[in-house]
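Below: one structure in structure tokens.
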Amino acid sequence: MSLAEKSSGFRSFLRTLREHYRIVHSNPLGRIGFWIVIFFLVIAILAPWLAPHDPWEMQYDKDGNFASLQPPSWKFPAGTTHLGYDLFSQLILATRTTFIIGAVSGIISILIGANIGLFAGFYGGKLDEILMRFTDILYGMPFLPFVIVLIALFGRKLEFVILAIVLIIWRTSARVIRAQTIAIKQRQFITAARARGCSNLRIIYRHILPNVLPLLLLYASFNIAWSIITEASASFLGFGDGNTISWGGMLYELWLSGKTRVAWWWFASPSLCIILLVTSLVFVSRAYEEVANPRLRKR
Amino acid sequence: MLEYVIRRLIYMLITIFAVASILFVVFRLLPGEATLQVISPAMDDAVQDRMKAAFGLDKPLWQQYFIYLKNLVSLEWGRSFVSAQRVIDILQYRFWNTLLLMASGMCMTLVLGIGFGIIMAWKRNSSIDIGGTIAGLVFQAAPPFVTGLLLLMILSYRLGLFPTGGMYPAGQRPDGVLALLMMPAFWERIVLPTITVGLYYITTPMLIMRDNMLEVLGSDYIELAKAKGLKPSVVMFKHAARNALLGVVTLASIMVGFAIGGQVVVESLFSWPGMGQLMVESAASHDYPVAQGTFLMLAILVIGLNFLTDVWYCYLDPRIKISSTGLA
Amino acid sequence: MSQSPRLEVRNLSVRYQTRGGEVHAVNQVSFDVFPNEVFGIAGESGCGKSTLIRALMRLLPENGVSDADLIQYEGQSLDRMSEKKFREQVLWSKIALVPQSAMNSLNPVYRVGDQIIEAIRNHTSQEKHEARSRVEELFDVVGLESDLMDSYPHEFSGGMRQRAMIAMSLALDPGLIIMDEPTTGLDVLVQERILRRIREIRSHIASSIILITHDIAVIAEMSDRIAVMYGGRIMEQAQSEDLFDTPCHPYTLGLKNAFPSIQKLGQELVSIPGSPPSLLGKQTGCPFEARCPFSIDQCVTEIPKIESLGKNHEVFCFRNTDAPQMREQATSMSTWHSSN
Amino acid sequence: MALLELKDVTRHYEVKTGLIDRVFRGKPIRKIKAVESLNMVLNENEVVGIAGESGCGKSTTCMIIAGLLQPSSGEVLYQGKRVDQFNTQDQRWYRHQVQMIFQDPYESLNPRFRIFDTVAEGPRALRLWPESEIASKVESMLGSVGLEPGKYGDRYPHELSGGERQRVVIASALVMEPRMVIADEPLSMLDVSIRAGILELLKDLAKKRHFSCLYVSHDLSILGHIADRLMIMYLGQAVEIGPTTEVIQKPQHPYTKALISAVPVPDPRIKRGIPKISGDITRPIDPPPGCRFTPRCPYANHTCSENFLKLDSVQKTNHLAACHRLDVVSHESEMTSMV
Amino acid sequence: MKRREFIKRSGIVIGASAASFLPNVGFAGKRVESMKLLTANASFDPVRPEMGRLITNACKGIGWDIELAAEDYNLGIQKVFKEFDFDMFIVRWTGRANRVDPETFTRMMFHEKGNYNKWGYNNATVNALTDAQQVEMDVQKRRRLIQDTQRILFEDAAASPIVHPSMTNAYREDRLSGLVPQLGEGIGSLWTDLNVSVNSGDGYVRTGQTSPLKNLNPVAVHDSNEFKELRMIYDRLIQVGPDGSIVPWAATSINAVDSTTVDITLRNGMKFHDGKPVTVEDVKFTFDYCLKWKAPFFVSSLEKFESVSITGSNTMRIKLVKPHAPLMINFFAQIFILPKHIWQDIPEKVDVDDVLNFANENPIGSGPFRFDYWDRGKELKVSANKDHFHAPKCAGIIRIAYGSHDAMAAAIEAGECDRTRYILKPSLVQDLNKINGIVGKGYASHGWYGFMFNHLRGPFKDRAFRTALDMVVPRDVIREVVMSGYATNGGSTIAPANEFWHNSSIKSRQHNIKKAREILQQAGYSWDGSDKLLYPS
């Protein structure tokens, strides 16, 4: 039967995706943001092939002189550090690190947050009380200090940075999704689904989830943006993984080198990358907000 | 209202207790030995054991936990591994510095953010609105150390308009907060950190205020207010802004949590002797009692401020008072 | 009806600019409201009745534009008046509103009494205590205890809020009160009580009332004259007895026969097939054409003219002369659904 | 045997009391008695209407019958079996047998489901038939509610008008081939001009598909057109029950009288009487044991507030009213009608 | 715990020495395994990872892949000093005043039983030589022993000193005059504190430092920062002079009567800041007290005391268990004289159970400066004690803690800070030197950056490999780029700046990959097709 075929889960998922893509695209800022994110994503994937030099190898200029603190030029598009490392290569590799942090912590945290939010909101009662008290406790945890403490205690490793971020950041999405779940739960189509004999899990994942999906994506991109900023801040304070390159880490090296007042290019490129990527993510999420919040869309 | 406040207060205490317990667990899980920092590797084992005993690290865990809780309540937050000062003494001095900076940052954030938000909603789709939105999003995306560093590089290093950091000129420690506030040098020094914190956090209240205003402006009671023939400014500020503010207040608690994070960065950047700087310093030098105490204090600050925003919200929204007593 | 009308509206049209194009929400609407009468406007959702009110009170959203040949209040032209003057001299003091959703029309963060006081003090120089005693008076009129003044809207039940809204509309003795669905969503007994209260008030104030509702029964009970709106136009306008005795427009006929009456339990109800027209773009024919079982080719291509059928009875239909025949056929369900 | 029988069904809600109020001020836990001692019978192929104002407990009753809420006490018997004692297997069967149609067609359709999926969701959730059979049943069901399956199946609810949506709601209930349908104000959100169509559809399908219907509404005029029997509820208590025409034309309980006289009539020449009633409806928080209409009843005496006359004889033709003072009431109304 | 560690450690030593008889058995012809180079991370010391990266890259030249691991300082310390689990690491041996004495850089680091010898170095000749120098009270004889030790350590490539960094400091020439640099301390020295005069303002010397001050307890003291602050407030018996010589201070003389007897004569007329006189009783009390409470830094020296007796109104005699040459600089020039009338009540009267937990927030000593206040994490203020026998010329010192070198440089540039104490990043010194009114300089130091190996592991057992590795270290690049030229290439473990003890015949090995490969080839190493280093077959 043609109709039955069309209703298959994957197809409808693609449909939803296309719909979301359309919405992001209908907003000019969302469109710009979307393509910038894609651009960075491509760089992150191709990073090892794109980087012209080893990021930690001293470079020499064409006269064979050691290329310390060179401003941007054709040979070194983003300039060099005081040790003659090629900032352009560092930037490209850092993009990868940043994406790993953003994507991993963004996705894990949204998975945790969404499920906790869905279950707490749907079941209510004791479960809700327990989960939300727990979320409240996390709200009592100052975010960046927690990341710092955890990293200070367990070591400056990328996985601990991600762990520390994930442990805290899901709280917001859990709360928001819970509120949305409660709102949706009270709507009649959920009662209708129950009256039709849908099990609780079926209601949660098949009936409620698609309705919180825009919100979920919105908070996923928020989480990614927050993770990136947090990692950069922690790195800048010296609580990053010194053995991988990240944008925050590059700025930290600048701060440590004491060349802040000389090497503007060293400051400019990682800062711009952070701002550009995070702004783009926020633009995309703003476009999403219109879906999540149909009241905005009407206007 | 009272019921609501008391219940919030109880939640607050439970939360603090829970955070403290989590902290205990986290700090006891740490790899490496806490004593290493105090103890030179050249010291022999007997001396190391003695130092462990001096810091109470030789007792069983559960015993340490109860001692920890008891001490927490009696404000015996231990002594610094490195300076042997009482943690609470260190903190009580740092606390006010942090609060000062935070208050000034938050004031700037809220006053300007809410103000701009109202203006942007009023002049919807104008260049002010669109420019403000984009600027806000960019400021939000720029981590505070980037903004701070930029301000420092331009206004302080290049133009020499502001001092490079600290809270007062070297060697002129004022006696108490009042004396500090009287110092012109203090106000010179608080400008850059305040702007940095402010710029980073202004976006949330600004955009939320704007969106809420737009939402509220579409509501029936605004239409009625207009129908009553009220002046647009009265409609805007008396009727719309107050309702839109409710949404900002609910978000204030989330903001506070994040603001503490920004505070840490800004304090480190501007050598502001607050708890954030202490946090970074003690974590980096593995001064665990201080790191732990500072974290707890920051947590209490966050929880306390969350509590205050709840109460404020309750004050602003008359609907809360009733529903908490179960009549509605 | 020899008096001069209190409100005169001629050829009022409202258009909205939307992403999809221009929406003609109200088209060429003309009517008069005479002193001390209840003028009912009946219509279903999307017929343009709310837009009509907004246009009269200049509350259209940014994307809405209205124009009219004439809008006059007691001989004074309203459509040429400046924004400020209109706000200060007309709104509420001459034209007051009882909005559709009393539920949401009171600002949740201010006390009910204060919101009424605000309306009074905005237009008069009364002191706060004077305004307060006026509110007490008004509460008494609508049957609310005066100590409820200091309560917040959420502490009121639906009926109480509606009464408070009516009190607010009476605050400045306006010449015209527009009541937008004043009883929708209320329970039967509460509705009855509100309607009774409105009738009582009418007997001792001089205000005219425009009553807008989809509920034919309510409008039949309350109004002196009735206009039936559909697709942004007035389909038929007459004294209420005339409208119910000799309805001439097919839509009026359908509406009347679709409405169940508790007094006639056996009666066959009809339903009008299809759904209301989209008002996007320019209309080329009668908006009701698509759902009308009596439509002729002319209805598709030409916009009907308003025909007068004697004393204050106007109808917007090419086939107005066939009315008696249509009236008979329209009572049967099969008339409406045979064509489909 | 009756299809459905309610025996003394009662449902209480606890009012949340603040912890401090409870502990320090000794305030007891208060209860809202949403439904109290309700007795009712629904026979095969019968339409029973439940009428009452908001807060009268009609929605709670629906939820209890649909098995979405548990009664605090009393029994719900479906084909003689107690619903609350169903095992999982029975429950699936019951879900299949009993369907609900909801009030708000804008709210009761999942905005992210296409029409086809919405209608197919019930059979899929209960795995009633293989997917291909579900598809053919859904298509024929859509056809019989007047929606062309090829045209509508792929659409989302927001692309449909209110009337069309309500047809989808009906289709998604009836595709399950139920024996009993609970309709909770299915017309109240629709425009007058299309109500009759839906009402006729429901009547027609009930005849064709042989299901009984419990029709809940506050609108007596509509109930008058569809229901075989009528039950009037006030604040959780059934005050009157009987064949529709009798209840509407010869109401006995003072509340029913007031209610009927308050219904406006679409005819400017008919003037209704004024309902004899005072005060406002309240919430049934810790109500006194007697008739809850007592505070508003012009005829009430002390008996009324002390005990409530339960309507427990629920035969098909019986017309009963839960009033101690029926003699006085009927006498007086005769007097007024003479005047 | 201790026991287990001991067994573990001796097991390794035994196993390793057994294996070293038959070098590389079982490894023959295999690739030299990839190893880890441990350094502190950049937040602790920005220079070390940079050096590490350069060395890592250079090792590719001999076909050996190593991996850089910049670890948290504590974890690194733990790996090296507690778990002995490391391959190589880079360490900075700071040029503390007490390390002018050669004990630390010879015996403590390379004697089989040396406290710092955590890398399993065991050379019978070195053991014998360093044992001998410790009890040799004749300075010239001791010097010869030390110079021999240096030679053997160099030839054996026991460790690879990378560079000897200068103390890079900057100061405002337009405000300060009369600065006195000291070996290993630069212008941060006590002698500068005492002799500097301030040309303008309130007369206080605003002294910048990036590491925060930690503690003001003269008993718990162990960190070089603390020594630098406490020595202003408390007097010592003697001081190490600007050139590394010994200068009488509170003691007018310290005389070795024989190799186990020391006579001390105390200066007359000294007063504590609270007005009470300084007596030999106080000195004896200090010794007894530090021994009783096992003051971490002093206890090992004090345990070598047999007895302390007061012999006159201002004289005392110390009997030693056995001769101990480093005592002068490592102990008498370090220990702070405590006022007995205050410390006899501590810790009892201050409600702590251990003197190590005592914060001493208002320190009273007899030193040239009186304590004003300490704003933890920000600044310490002390004012000149005009009654002191060596009263300072300035009004006092304000020690300011900065968040970063950059901020400190900016503050100097802005005139908010007058001089640096410890070090300022070399690259910044260059920048500051260009600015009018500021002098940036490197001052000689005896500290060094060391590239240390675990002698119990893999190729490090082999002297030829170690020697080759020493040649791989790109010293010139490190000196010029990382240290901005403010350093000398490392060769001997005792720096050339420490003129008296340094063996000037030792020259540092030049970075020479080719020669390193030759040495390896001669020792039997070879390379496979992809130019990876293979063990001798």
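Going by the order they are written in, the chains are A, B, C, D and E; count residues from 1 in each one.
Here, contacts are C-beta pairs under 8 Å (C-beta built on N, C-alpha and C of every residue); 3 or more make two chains touch, one makes a residue touch a chain.
Please read these numbers as outputs of a predicted model, since none were measured by experiment.
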In contact with subunit C and subunit E alike are the chains B
Where the centre means the average of the CA atoms, what chain is farthest from subunit C? E
Sort out for me whether B-C or C-D is joined by the greater number of C-beta contact pairs. C-D
Can you compute the centre-to-centre distance for subunit A and subunit E, using the mean CA position of each chain? Integer Å is fine. 45
Averaging only over C-alpha atoms, locate the centres of subunit B and subunit D and give their separation in whole Å. 54
Go ahead and note the Å separation of the Cα centroids belonging to subunit A and subunit D. 50
Inter-chain centre distance, subunit A versus subunit B - centres from mean C-alpha coordinates, in Å: 23
If you look at subunit B, which of its residues touch at least two other chains? 31, 152, 157, 268, 284, 286
Tell me, which parts of subunit E touch subunit A in their complex? 41-43, 46, 49-50, 53-54, 57, 68-72, 75, 404-406, 409-410, 425, 427-428, 431, 477, 480-482
Of all residues in subunit D, which touch subunit C in the complex? 53-54, 161-164, 191-200, 218, 220-222, 224-225, 244-245, 248-249, 258-260, 262-270, 272, 274-275, 277, 280-281
Interface residues, subunit C side, partner subunit B - complex: 57, 59, 87-88, 90-93, 96-97, 99-101, 104-109, 118-119, 122-123, 152, 154-155
For a test of understanding, state which residues of subunit D touch subunit A in their complex under the given definition. 66, 68, 92, 95-96, 99-100, 102-104, 107-114, 116-117, 120-122, 125-126, 131-132, 134-136, 138-139, 149, 153-154, 169, 172, 176
Write out the stretch or stretches of subunit B touching subunit A in their complex. 11, 14-16, 18-19, 22, 26-27, 29-31, 134, 137-138, 140-146, 149-150, 152-153, 157-158, 211, 214-215, 218, 253-254, 257-258, 260-262, 264-265, 268, 276, 279-280, 283-284, 286, 291-292, 294-295, 298-299, 301-303, 306
